[in-house]
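First chain written, first letter: the chains are A, B, C and D, and each begins at residue 1.
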Amino acid sequence: MSDLRIAVLGVGVMGADHVARITARISGARVAVVNDYFTEKAEQIAAEIPGCRAVADPLDAIADSEVDAVLLATPGPTHEKQLLACLEHRRPVLCEKPLTTDISTSLEIVRREAELGVPLIQVGFMRRFDHEYARLKALLDGGELGVPLVMHCVHRNPAVPPSFDSSMIVRDSLVHEVDVTRFLFGEEITQVQIIKPAANPKAPEGLQDPQIAVFTTDSGKHVDVEVFVTTGVAYEVRTEVVGELGSALIGLDVGLVRKSAPGTWGGQITPGFRERFGQAYDTEVQRWVDAVRTGAQTGSYIDGPSAWDGYASTAVCEAGVKSLQSGRAERVELAERA
Amino acid sequence: MSDLRIAVLGVGVMGADHVARITARISGARVAVVNDYFTEKAEQIAAEIPGCRAVADPLDAIADSEVDAVLLATPGPTHEKQLLACLEHRRPVLCEKPLTTDISTSLEIVRREAELGVPLIQVGFMRRFDHEYARLKALLDGGELGVPLVMHCVHRNPAVPPSFDSSMIVRDSLVHEVDVTRFLFGEEITQVQIIKPAANPKAPEGLQDPQIAVFTTDSGKHVDVEVFVTTGVAYEVRTEVVGELGSALIGLDVGLVRKSAPGTWGGQITPGFRERFGQAYDTEVQRWVDAVRTGAQTGSYIDGPSAWDGYASTAVCEAGVKSLQSGRAERVELAERA
Amino acid sequence: MSDLRIAVLGVGVMGADHVARITARISGARVAVVNDYFTEKAEQIAAEIPGCRAVADPLDAIADSEVDAVLLATPGPTHEKQLLACLEHRRPVLCEKPLTTDISTSLEIVRREAELGVPLIQVGFMRRFDHEYARLKALLDGGELGVPLVMHCVHRNPAVPPSFDSSMIVRDSLVHEVDVTRFLFGEEITQVQIIKPAANPKAPEGLQDPQIAVFTTDSGKHVDVEVFVTTGVAYEVRTEVVGELGSALIGLDVGLVRKSAPGTWGGQITPGFRERFGQAYDTEVQRWVDAVRTGAQTGSYIDGPSAWDGYASTAVCEAGVKSLQSGRAERVELAERA
Amino acid sequence: MSDLRIAVLGVGVMGADHVARITARISGARVAVVNDYFTEKAEQIAAEIPGCRAVADPLDAIADSEVDAVLLATPGPTHEKQLLACLEHRRPVLCEKPLTTDISTSLEIVRREAELGVPLIQVGFMRRFDHEYARLKALLDGGELGVPLVMHCVHRNPAVPPSFDSSMIVRDSLVHEVDVTRFLFGEEITQVQIIKPAANPKAPEGLQDPQIAVFTTDSGKHVDVEVFVTTGVAYEVRTEVVGELGSALIGLDVGLVRKSAPGTWGGQITPGFRERFGQAYDTEVQRWVDAVRTGAQTGSYIDGPSAWDGYASTAVCEAGVKSLQSGRAERVELAERA
């Protein structure tokens, strides 16, 4: 099967990240078209990627006959028109949040897609793909916490751009916990309250920060969220679900921590080398592939342990096996390195 | 640039993992040829991968004109002949450990490659690519622990195959800490001692397990390693370096833990969303690409949050912004879901 | 100075604990008088303690000329009358919470004591004396978190007695976080809201459990508290303060964890043996004192390492010093143990 | 029963600590006699403690008819003579390590005590009384780790006095792990090896620091100990036991961490308020007793929450109960504070 040809619309911070990701780390896809309001930016990026063109008009990019799918990283207000174009041309689309910037246009998009009868639009709530959230979801779905009752969330950023205002804390930050709540509990949120504590003295004048959001869901579950975007510390995202049979906590920099009857806390140890070192294997092979592909220019076809490293470790192990038999310490004798 | 065409030699557990990795997760490469002593196994795998052939003889696979690089996952005793063939045909090769099974042939390989004057052979010590080892290496290279003095390692497996014997604990398990020592300290190991505690009652008759290895390096650093391969618990790999200015510990299921003057311990919080959720973004996009590519068969072009999810989250945020202004709890009103 | 003679009023669970504590672990005090509504219970306890009498009427116990101070562990509704008696007889009193069961009588007690012009009444909010809360308070008072902004609390019990009702969750459980808030922030609470999530299916019929309390303080700080008294898990008390300069968390079974700019988390290592093993020394000496005091009956005057342990450890160290010099392993030769 | 009258011999750092401990925190005992080579030091301490005398000769102190028991904190070389005097006068004695400074005199002490037929001598290995070691011992004795196989210890000090030499690292530091090994495993150590890594550049000239000790026990268990006394970091004492059924680790600043099949790690949550806040209750009552005893001088009989604190918390709870019923936020109205 040939690679999926993707048009990336919008190549600001998020869009440029996606272009790099698809080009360097994603298998079976390539960026065929890029588009941006600032056409020079798009042309510059296109020039760096083999087989990639810049297209000036986003709707042309969507309609392009050599595009199989669309990744939408444009500003929210342009989403409605672009999503409708995707539906019209039946282009699968991964749309960065928000779907659109207001309820009525969002609902309109939902209805148009339903009329087509085929799911084409995916929204970019990426936390659902995070391994800790995935483990928490599996724990809940497996019934290991019993009925979930309460959720506590913390969402902290060290800083935000000067343009960030109080309602953006809700729309751009809190929206992630909105999706996390709906994803983990599988229910709709029926009521929201934003509590406004005295503001951080270090926050810009007029910014209501921190904010405490309180959600109630369909079945009466309680969720509270601290959103605090000027902490000056780091990026901290923490979620704790408290259920009938125990609680589980992710995001405390120590993996998922679970509490269960009768009085234990803890996590899981990786069961085998695949789980522990899977990332290392992926990185190893990707970096080797990259080194080999550029070897003719660089004069080296490796990016990692060399034959000498293989030789030296064999020599040490041989001395080790000798010691295993002799019970004594054994010298390791290495040849001179050329 | 076209994809790198890789021949994978040996498709047992490790080789098959590598085939799957290159096919599904590695960008810029594909498996063009597979080979195995059990030819049916190779043919079966080749049949599942577009554009992949099985080649019966490993030396033919290496020489194949449509192969750019070789990944060697064959048994150790065959490595010498296959590596020499790779050097002869100037094929870059990623060779699973061991380089070869004895010192003299390993040294011969090192010399032949040196004669060619270009690094072609990379050995598969994948821990160097693990993010925790990478952080530890960076800490050491940055001088943050001062002169390293002592290292303590633990390497535990829940179980090993029945064929595993006492010397394989050295050659197949301990060899990783041999490489870790050489990698982290950048020195050769000059002396090895294997201490043999009373054996685990649960270990197979005759297996010396656990073993304690003691290494001394060029400059007199001390390394001890507990290798224990029948713990019945899980896969645990832990490394602690103690230096002039403090110590750092990885593999305790809590990330890197560092101790420094004057009396603090702790780790680093992820500084931003890229570090915290980079894996989630990669997974999101890869799974979306996969869903789009198979959409014609499955009837759905998404594998994640839907347009409805986008709509519902917009509705909750809108109520949140209203509450931010009103100071009251606000209802969320959703349309009927079709 | 002679020992303080204490009258303990009420010898239910808490009162009996206090009697045992004063008798076995508190220096400079003894229980001189006990009283309980169930006189037999008081007599039974008095019989076990040298120099202790049971007194039938609580007011007589307070007035007793051989009582220096009073510890009040009687039911809340009796506190008012007993505290007034303490004030009248100028008896210092440690009063288990609540001071009294309603606001007006509490205020009356405050006023009467103020008229005397000397503080005589201490209330039993013991968390202020917990080492983790003490460290958190010190962190706040030292300005290390900057202005505190938000506090999140969790207060979980595995189970409660059948008589426990929804308002007791407020009065008997939440009251601790009321005091923690006032203690840590040094301000009064000006507003309270109790949020009622859907109840735990395992909670007794009619019990509103869990409850979420939201406090606002004088200066607008926000505090939320999850009180959940039928978790079936364990006793979990957690408090996190989020301030202008970082956050600190206690009660996560890992000591105080602190987050600070620029992106670090961690705790403090004990600086010396006194901090690390102070409890061990206290326990060692107390158990030795107890063993010596009962030695005539038991025939042994020790409760810990024996002379043989001293001999054997000396022998090992001597072999160690020999090895330090020889560089070889050295045998330890012990005499036959009689 | 009257208080045990203790003679403390030697009031240097350790002895003075013990005097303070017995006076302020130990129930049922008091310091009746102090003695020191520096008589002025002993007299100064005696003057601060009611009913305490300084006695110039240590043997007189032991023989004193108003002494019930002896705490020996004198230098090691004087222990032999003083212990023999204790045995002669049948004085129970708590002897700080070492028992004596060489094997033959230690063995002589053991034999003399055995002739008396009653255990009188306890040696001050206080780690046996530490709650983490006690939990580890209980785990081992309960068979929860199966047969113990290997133990790893770390013993680090930030610094040592200038007089500290390489053999003192064995005799004064390592001796604790000698006792820990014998205590936890209940076996004698049969072989010791001291490994000497390249020294810490920050250690004083000539000091072999760090040292690695390797012990073998009767049944062939392996113990390794890193002793490192010039880390510049903090006081770190860590012990990990690896057994047939899992491992357990104490001293990592996160409580006891245990690993068990099938692949879990974690600790225990405190089961109830006694375990969680027992120390807080003790501290509360001790500080209250101290405040009452000195109240006549200070003008206040409390050292903790006041009646006002009791009143204010009652007021908040009352508002809370109101909110529980109304479902709304409720104001807290406090009287003016006098």
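Keep in mind that, in the parts below, a contact is a pair of C-beta atoms (placed from the backbone, for glycine too) under 8 Å apart; a residue touches a chain by one contact, two chains touch by 3 or more.
Everything numeric in this text was worked out from a predicted model, so none of it was measured.
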Shared interface numbering between chain D and chain C [over half = same, under half = different]: same
Of all other chains, the one whose Cα centre sits farthest from chain D: A
Between chain C and chain D, centroid-to-centroid distance (C-alpha), Å: 21
Cα-centroid distance, chain A relative to chain D, in whole angstrom: 49
Interchain centroid distance [CA atoms averaged], chain B/chain D, Å: 44
In chain C, residues with contacts to at least two other chains: 158, 214, 216, 233-234, 236, 253-254, 259, 262-265, 267, 269-271
Complex interface listing, chain B residues touching chain D: 146-147, 149-150, 152, 154, 158, 195, 197-202, 210, 212, 214, 216, 219-222, 224, 226, 228, 231-234, 236, 242, 244-247, 252-254, 257, 259-265
